[in-house]
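Read from first to last, the chains carry the letters A, B, C, D, E and F; within each, the first residue is number 1.
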Amino acid sequence: MDDFEHYTTIPQFNRMRLDILYGDVWQQPELTPRDRSLVTCAILGALGKNAELEAHMHKAIENGVTPDELRGLVVQLAVYAGWPVGVNSAKAGLDIFKAHPPAEGD
Amino acid sequence: MDDFEHYTTIPQFNRMRLDILYGDVWQQPELTPRDRSLVTCAILGALGKNAELEAHMHKAIENGVTPDELRGLVVQLAVYAGWPVGVNSAKAGLDIFKAHPPAEGD
Amino acid sequence: MDDFEHYTTIPQFNRMRLDILYGDVWQQPELTPRDRSLVTCAILGALGKNAELEAHMHKAIENGVTPDELRGLVVQLAVYAGWPVGVNSAKAGLDIFKAHPPAEGD
Amino acid sequence: MDDFEHYTTIPQFNRMRLDILYGDVWQQPELTPRDRSLVTCAILGALGKNAELEAHMHKAIENGVTPDELRGLVVQLAVYAGWPVGVNSAKAGLDIFKAHPPAEGD
Amino acid sequence: MDDFEHYTTIPQFNRMRLDILYGDVWQQPELTPRDRSLVTCAILGALGKNAELEAHMHKAIENGVTPDELRGLVVQLAVYAGWPVGVNSAKAGLDIFKAHPPAEGD
Amino acid sequence: MDDFEHYTTIPQFNRMRLDILYGDVWQQPELTPRDRSLVTCAILGALGKNAELEAHMHKAIENGVTPDELRGLVVQLAVYAGWPVGVNSAKAGLDIFKAHPPAEGD
């Protein structure tokens, strides 16, 4: 499907995406884009929104989060949101983790 | 798979589906079928049960909920259950939203 | 605590409450206030947000939802979101249910 | 409040409690009462229904689950549903755990 | 994908899987392997982790849980975690339920 | 109750808290303590673990997260995990937000 069709067929939802989500929330200065991305990945992982998590992990990399920091996030999710959440978050970031081996052993 | 095989292989679960879910709960007079459908879609969306939500959105249309009301539901879910819930609910109703353009602009 | 202190100490959150939540979402025409209230109660109940559910049940009554319709909502929540959700939703509406006996027996 | 008032003010909900929950589900032979109690505690813990979990932990003891088995359940919940779920489940069983010291060291 | 690639690309997560999850938690004596499997299936079902539930249902059979006991688990999940959780848990165990017809009618 | 009684009455749980949670996970180098705290608050907020969130917000401040960053977290939680999650997270941090007025207007 067209990636935005579920927005454009609901005009008020699309308007909220542009004006509120991206035009307001993501522009607020309290969190840097890097921190906002990290926090968003933590929220999406905890809620089990795996497809959205995968997309936001890539956005997090663009915003300056490192692959190793995402590895740390996976562990924190596994412990605080339950092992299966860790597993699913690891799968969501698999492309990133494969492309960027860990900086140090464990 | 056969759509009901996961019921018929668990006889007591199938009996509960027929006698309790459809024979009792959905027949109770406190909510009209239209309202019960609307409420069920709200519950399923909030819980992230997207496949079940898609099926119940079609049932909701049959029971008199309009496509525009489902659009309103998507927004309410996005705000009260979180943006990714709105996104997934919008995708669950995409066939309906594409077939029925919004009655009014936003 | 002051009922709005958790908003006013986070100015951007308070602004979003006034401009977006009440100034935009609740004014959108796709759902009537009555339906939006009913849907909101369903979402809050499913998510286990019991204090917020209690407040919105009272708002739902103001918006034209009847006590018997809220009884129907409790049953639908118990079945689709799990028995303990039904129990907690029933407790959230207890003042309403005590003040308004059921219109008909079951 | 009267412990059953949230049921008796919603007659169809009370009827379902008596006829379906206790008259049917809990009488089904596939699970022994001991296993059904253990499973119910696991579900309630995972869902964060702590007050209901506390009640069902006591019922589980009556049905033959041992305090040490509930200790094992707390650990399994902590690992598979997240550490805070373990913490809340441990608090839900605190009276039991205090009254019955562990059978063996760890 | 390689079944363990999401672990091996996050070395500390893989270490925790081997040392903590399998080397410690699953070896603790408070729950028998059969009971720990039954409890784990209940947790995974309640949390909607359907792929993990399917894998653990097979492990539960190996650990001595019977297909009929899993049928009972599905019903208990449907009632306490909501009907769609029962449906998804029934689907997770469908291969087992098809291969092992119920021991007794309902 | 004694703050650690729910741990000490379950010896293996207490051991895991000391050896795994604090002795291992929180010592892993992939996330700084500041980032690990921020991420943990995001997870706890998303999961609705409000008492644990309150405790970890204070720990986050000790680890270098600023009150304004926690304000940003509340907004991100409200948008991505649903408005009531934002409300409850704001309440969890109220003492911090009252003691530290926002650095800049919104």
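Quick notes on this structure:
Just so we're on the same page, a residue touches a chain if its C-beta (ideal position, glycine included) is under 8 Å from a C-beta of that chain, and two chains touch if they have at least 3 such contacts.
In this text the structure is predicted, and so the values were computed from the model without any measurement.
Between subunit A and subunit E, the least number of touching-chain steps is 1.
Shared contact partners of subunit B and subunit C are A, D, E, F. With respect to subunit B, maximal separation of chain centres occurs for F (centres as means of Cα atoms). If you compare E-F with A-D, the chain pair joined by more contacting C-beta pairs is A-D. To fit its Cα atoms onto subunit D, subunit C must turn through 120 degrees, a value rounded to the nearest 5. Centre to centre, using the average C-alpha position, subunit D and subunit F are separated by 27 Å. Subunit C and subunit E have centres, each the mean of its CA atoms, that are 35 Å apart.
Counting partner chains per residue, subunit B has residues 12, 16, 20-21, 28, 30, 43-44, 47-48, 71, 75, 79-84, 106 touching two or more of them.
For subunit C in complex with subunit B, the residues that touch the partner chain are 20-21, 25, 28-31, 35-36, 38-40, 42-47, 68-69, 71-73, 75-77, 79-81, 104, 106.
If you check the complex, the residues on subunit C that touch subunit E are 79-85. Subunit A makes touch with subunit C in their complex at residues 12, 16, 20, 24, 28, 30. Considering their complex, residues 1, 5-7, 9-13, 15-16, 21, 44, 47-49, 52 of subunit C touch subunit F.
On the subunit E side of its complex with subunit B, the touching residues are 48, 71, 74-75, 78, 82-84, 86-88, 90-91, 94, 97-98, 101-102, 105-106.
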